[in-house]
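A, B, C and D label the chains in the order they appear, each numbered from 1.
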């Protein structure tokens, strides 16, 4: 079994209230490393065997229609071992 | 500027209704590749310059205290170029 | 008798909690999240709402408010603390109570008149009920599904720390139909449903919520 | 590229400007040049283009909307009328109530969740701007067919968005509507109403007066949200390399708005502002020009001081940005320190961006260079006005002449089938799958919410004073006869208030129509406004404000004319209100009002794909008598429920299911008509048998027909010899919507994108 990961993030120009709230909370706790924080979603999809290119194309299509909302989000598909 | 990523996922034994809903919707849309789907969060943190080991340790501490809830979640910290 | 009600940015049911406290003849004291001073209150309610917008995880950011440091300290020495909905979430994030509240299994916000059963009447907030008593009070949240690992669940059940259970269909996927729990000492209680919205049938489904507030007065007088 | 300044505009009079791409007509552009006596700078062009858009300038509707003023009935209750952000009504005991509906139709089609969420956010800020604490919201909605794939993308997202924003603000949702019709496919309607309360002396107005007073921007930082059209200008004129893509979707942050509300109310309580305006459509362009125009006229703003979320924004884009959760206040210099302190307490970003001047120009600078120098009235209030052609469309006479051919149930089994068919139809079925996603309890003052006839909230815990609101539209009737349709919607909304025991006081409206450039649509609009103005005059209810939404069409197909009318009423003691249903056995059921064969535009006709015939004629004198009767007889009624879509069948079904208490009904005469007709002006009441005489006297006094139709009790709804068990009735009523939408897209991480409509 392999794991396909789809990372979905809001497009950079879209307001990210959650990321902002996290970014504002960090310094209050004494963490000062962050210039900015964006929060997105991560999907871990288990598939049988090694993912084929055709399967990855299918995943991209699924990401395009279901996992991400292309009006406001972008996504990346990758295989993780 | 570099990007530190924190991936947060629910522990495997914790119910993930969002992942389940996605897993159930995929076949309805004709996508049959997924054995199972889990949904988690992804934080993209922008930092100045190349992250130092000390900085990464700080991020881990922030993940441990704020970004993830260790009662139900696990997390991974990585650097992305 | 003074009962504090904390307002975090995004708290919504703080005025309702204060109204409920007044309805049972106690004094409601407004506490501010950014102020660690508890103004000599005898008990504290963490009210419902969307503190910090429920961003990240419900209650995750509020837990670090200065007022919480004082509350955690006093709670550990026996002060009665009630967390309602968002307040329950904050108590879990603060580790004053075990487990966590996660997305409702139907993935929707749900506002409903919920039937519940009282399971434990030895806490500071439930002594004026009887065991097995059924009540109807509003449940309204998007993340009310109580989750914890098996060991914690077994411990909660063995020690009788489940305070309140849903009756009928599981509204949100909570383990063992858990709607509310207490700490081992019985002074800290967290509930998903909202007793402060059931103090008058004119504005709620019943007046079944009142005993939560009279109970704490009994507990405080008994001291 | 170089900044386009007023100085540059003077030296380059012939530079070509993309006014057409910004939606301006050549003559409108010419007028701007005449007003300024030169070509506009790109920033000025941006401001004029958005402020002169249909949405902001009401250029097609203005000539008609005037009737609301011309025909305004005398009303002692009206404290602030049309023209401000929202009207304000005196409800007694020193309280003032403000309410308004607005549409967010197009954004909600593109991105249902955010579109609906920001729709709620916008109307709430309008109410807040008046100085009021928002106390409740309502959401009249229209969708395409319930089984259409796109409805499954749009509806769950819209509902989740309204809930997501409203719940997070702590505003109880106390009512709304959900109607499905083919014409809304591709054009859902999201109308949002908000109501707020304040003391009389707390009313705030949107005007900048007092030379030297400060212009203060507070709330969220400004980003590139919703500036679609203007980025054309920025990129084509200024940035040949193409600037970053600007989102046309606005994302709401309800948490920031909640904090903004509390912060603003604290500022109002200390009387720290002279004038205030929210930033909605057209953002800073609108707020600065409207504030200045309503004041003495002069204002100076340093645009480079505006705090930005996206530092790459051009001045044109900052002026146009529709970033949510922002407010603009006019503050006396002596009060600014306290103002800033309160903002700091709530962690709200605040910046002094300018001041009121003694000139009559709005001057905006960018790093000390003047980029805007205009008479603010010409931007805000003196936009173009069109008398668009209105021509009665051909369809009207044709469909009015059509004879309906509907099955008319008579036997017991036909009646059973008809009842079950009607109440399980998406338009009449139980909507709690939707409304249970809304918090109705927060604030602890909700007396009535869904599924009651109207929403009701208590505004004083000691005196029990309360207000009730209902919103109604019957687009089928408006389609058949827009003049009567508007009056009928008004009458229905007023009746829904009165059934609960509240006295109607004032009106708001949201007029949803197709394209104003279509003379047929314009006729529908003109007739609607005429009907509403006449109706309001006759019923003595002033219009306090509202909103117009045009261009609701897909291709050539316009939506049904959909005037959503909201009526606000006052009730002296909410404890005395009449609920919509009974929980006791042995009450007598009466029907007030006559029933005629009014099946045109009815739900029964719709279910049989017929949309012809004549709409009923509104008899507002009779409605007025009925309202008087309801208010006077209120102590007699154990329950009262209005008849509307679905006629007596729907009313009785809703009543028996509310508290699971059955009823036995005996009807005489034409049974099908009695059950299915939607004749307006009717109400079913439940009364103790001992009050029989009193009810008859009441009806006679107000000259309203009265028919005793049955009694309460039992575990079925029995109509003559047709009995339906409550369990069966409940299943029919409650299964439909969850079955349709229970597994819809809102459950999923993302809603379906537009180009994937076919799927699912």
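Brief remarks on what is shown
One rule holds in what follows: a residue touches a chain if its C-beta (ideal position, glycine included) is under 8 Å from a C-beta of that chain, and two chains touch if they have at least 3 such contacts.
Note that this is a predicted model, so its numbers are computed, not measured.
More C-beta pairs in contact connect the chains of C-D than those of the other pair, out of C-D and A-D. When you average the Cα atoms of each chain and compare centres, the chain farthest from subunit D turns out to be B. Each chain gets a centre from the mean of its Cα atoms; for subunit A and subunit D, those two points are 36 Å apart.
Annotation: 34 Å between the Cα-based centres of subunit A and subunit C. Each chain gets a centre from the mean of its Cα atoms; for subunit A and subunit B, those two points are 8 Å apart.
Multi-chain contact residues of subunit A (touching two or more other chains): 8, 17, 21-22, 25, 29, 39, 41, 43, 65-67. In subunit D, 253, 255-256, 347, 747-749, 759 are the positions where the chain touches two or more neighbouring chains simultaneously.
For subunit C, residues touching at least two other chains, in rising order: 52-53, 55-56, 61, 64, 106-107. Taken in their complex, subunit D has these residues touching subunit A: 110-111, 114, 223-225, 244-247, 249-253, 255-256, 309-310, 323-324, 347, 748-754, 756, 759. Contacts from subunit A toward subunit D in the complex involve residues 8, 10-17, 20-21, 24, 41, 43, 64-73.
By the touch criterion stated above, subunit D contacts subunit C in their complex at residues 160, 163-164, 167-170, 253-256, 258-259, 262, 346-347, 435-447, 458, 461, 574-575, 746-747. For subunit A in complex with subunit C, the touching residues are 17-18, 21-22, 25, 28-29, 39. Touching subunit B in their complex are the following residues of subunit A: 1, 4, 7-9, 19, 22, 25-26, 29, 31, 33-48, 55, 58-59, 61-62, 65-67.
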